[in-house]
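Some structures are shown below for you to check.
What follows is subunit A paired twice: with subunit B in the first complex and subunit C in the second.
Right after this comes the complex of A and B.
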């Protein structure tokens, strides 16, 4: 195991613990207390308090839930759409390939944030809509990579040999091609969790993403906007949490790629 | 048992400017193979040997011409008949390092054809795999390992065991010893000849190495640029080759 994979795993583990236990440990983070409004970090409120006197440690920890959940679910949904379409396009080729990949091109034409902004302002803010738009704009990347991977795998000797043995198309895909082709795309997907979390934050920051009670980091940042001169800690802590999380998934993806890539290593 | 009739195969290529170019990999190839016979196909790389092997096994549809296996047109078989044909004709590929799925254990590799064709009960599966391994002189200890843990020679024998699992009548060997060390070649060739005698198989043996073909073949066909230049019984071929290219090949080969 390399250091990227290790550090990524460690950070992710801390984040998950934070997301799972943080809100419990940090007490009633949702309780407003105007007497404690905008306290800088101190021994009782390690991350300070916000305008309404709520504990920021609790709020940031709680935000980890929304952010991680959105990131992971969005990528799972992206894979659910992208993998089958990519496999079909790559394996069967021909007209099916053309139809699927031109469809992918349409969605690839939208820049992620702009496209998502457009969609969210029409469909309305909310958890389900965020997942939907991230999957809608994310599947073409997965499909493309997987298509290329399947394409290069289907001509390999052992696939040809299996066909000569009498294996049908679905069997070949299921048993030989997909298991051998899925590595690179899963690594890409892992790195995409960070991108999805980032996109969700941007949308929430712009006010078309998650809403209370799902106060994600992006939402916390949007609350902090305008107060940055009075209470910079409102930006620091959600911002750091966001950066570290995206970093963790990037490290994980990178580390896993290096860990899995040289097959020759385990000869 | 096998008749190849006037098979041509063209590939459409595009050059870097996108202009179409047609490459003829096979030009009107015909040949025949009798039951129990070993036909050697000689030729330089790029002469169309592997393409011919794929066409015979219906792994690649020819542009024209057809292949008859036991009197039946291989390209007009129904689904069920094709499935049966797959059992009767097998291939062992050139590169043993690429012929086995890296994610499968040796046991899974050899069990695969048995499971696809439901040839044995689950209970007897392991026993049958061990038998097959033994038939290619492999120890049952290799069964649990993955292909990358084996030597090239062992891998090639696993690939042969996989092909033989279906008890085929025809096996096409596409340069089966090209990737092996010299001392392993002879052993593998002897094994293949031994298997043919025991199982009454027909072989098509593709190689660029005339010394190998001389050792195993009953007849030899020489290919060049997708054309079969001449076909002759092995003795006769080496004694009085007809075509200039054949003479060249013979004089270039180490005796």
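Right after this comes the complex of A and C.
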């Protein structure tokens, strides 16, 4: 294992523990106490308090839940849509391929944040909507990579041999092509968890992402906007959490790529 | 080569048609009676509603409505903003230049910083500085852009009072520094990584060994021979970013209260100003598609080998 993979795994493990236990450890982070409004970090509130006197350590720890869940579920949903479409386009080719890939082109034409902003403004803020929108904009990337991967696999000797022995299309796809073609796309998907978390934070920051009670880090930052000169700690901590999380998934993806193909990627 | 260019243009036109279909569909998926929205939810008589419905072609079948929508687009008519009661095209014309100037400054910044840092890291490969570079760029691309903007506001605006943190003021260069740096930071890291990777690869090639054996200075080897061949992906990245910056800059424009198209889009979404939202998104996506097209075609000019090889997608 290389250091990128190791450090990515360690950070992710800490984050998962934080997401699972944070709300328990942090006490009643949702309790408001206006006497303690905007206290800077101190021994009782390590990350300070927000406008309503809520403990920021608890809120940031709790935000890990929303952010990680959105990132992971969005990518799972994206794969669920993108993998079958990519496999169909790559394996069967022809008109099916054209229809699927031209559809992909249309959604690829929307830059991620801009497209998500548009669709969320129509669909409305919310947990389910954000997953759907990220999947809608994300599936073409997965489909494209997987299609290319399937294409190059289906002409390989062992597949041709299996076909000659009488294997059918579905059997070939399921037993031979998909298991061999899925590696690169899974690495890409892993890195995309970070991208999805980042996109969610921008959307929540702009008010069309998650809503309470899903106070993700982006949501916390949207509350802190405008308080830069009064309470900068409200901005520091959610942002650090966000950066570390995205970094973890970047490292995991890069580390895994080198781990699986050390010769090609050791630049 | 020309066949490729024609095919690529045709494909882009198809995509643009697809995008208008998506936008048209969104317009009709939106909750509420379009006439009510278009007439600003005023109390109107049944006749007036019917008239409005007729004027906006809403009594026609959907495919004809789409046709009218396309016809308006072709004539450069994007409707009238609910909020400003002015043609959307005029509003776009007013705010686009500010976004473009900011985007250009950001791209120049990231090109200079990114390419320079990438060259240094590649030349000193595996040194301490190179390892520091790898860590720093990985960290940099993980920072949410809008958060970086807020940090810069805190340090250079609130704490040090060096630079303005909001708006365009008198249009002086000081107003550009923080938003442009914010936008440039992440892509500078990408460009630095791409430059380094490309250069490291090229520096291992035979013709570079030949140049070194011939006694050329390292400066000349890297600057004159290696860099040129490592630059194609960097140029791609720069082009794509110029397109993305126009739209991806929404959060940054909001934070810095920049009088640009991203900020207007954000305000329009909040005010449910549907024509302005549609117009802003459509133009942003168009820019993105056209820049993509130009970048793809530019490959042919960077790498003459592609011209004869029937360059395909």
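One rule holds in what follows: the second predicted complex is superposed on the first by the 261 of 267 C-alpha atoms of A that agree within 3 Å, B and C clash if a C-alpha of one lies under 4 Å from a C-alpha of the other, contacts with A are read in each partner's own complex, and residues count from 1 in each chain.
We adopt the following convention: contacts are C-beta pairs under 8 Å (C-beta built on N, C-alpha and C of every residue); 3 or more make two chains touch, one makes a residue touch a chain.
Computed from a predicted structure; not experimentally measured.
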{"item": "First, second, both or neither for A:210, with subunit B first and subunit C second", "value": "neither"}
{"item": "Which superposed partner A:228 touches (first subunit B, second subunit C, both, neither)", "value": "second"}
{"item": "Contacts of A:179 with subunit B and subunit C, given as first, second, both or neither", "value": "first"}
{"item": "Touching partner for A:158 - first (subunit B), second (subunit C), both, neither", "value": "first"}
{"item": "Partner chain(s) touched by A:166 [first = subunit B, second = subunit C, both, neither]", "value": "first"}
{"item": "If touched residues of subunit A are counted for subunit B and for subunit C, the larger one", "value": "C"}
{"item": "Doubly contacted residues of subunit A, that is, touched by subunit B and again by subunit C", "value": "267"}
{"item": "Of all residues in subunit C, those that touch subunit A in their complex", "value": "11, 14-16, 18-19, 21-22, 26, 29-30, 138-139, 141-147, 150-151, 153-154, 157-158, 165, 197, 200-201, 243-244, 247-248, 250-251, 254-255, 265-266, 269-270, 277, 281, 284-285, 288-289"}
{"item": "In the complex, subunit A residues that touch subunit C", "value": "102-103, 105-107, 109-114, 117-119, 121-122, 194, 198, 201-202, 205-208, 218, 221, 224-225, 228-229, 232, 235-236, 239, 242-244, 246-247, 250-251, 254, 267"}
{"item": "Contact footprint of subunit A on subunit B as seen in their complex", "value": "54, 57, 59, 83, 86-87, 89-91, 93-95, 98-103, 112-113, 116-117, 148-149, 159, 162, 166"}
{"item": "Subunit B-facing residues of subunit A, complex", "value": "156-158, 160-167, 171, 175-176, 179-180, 263, 266-267"}
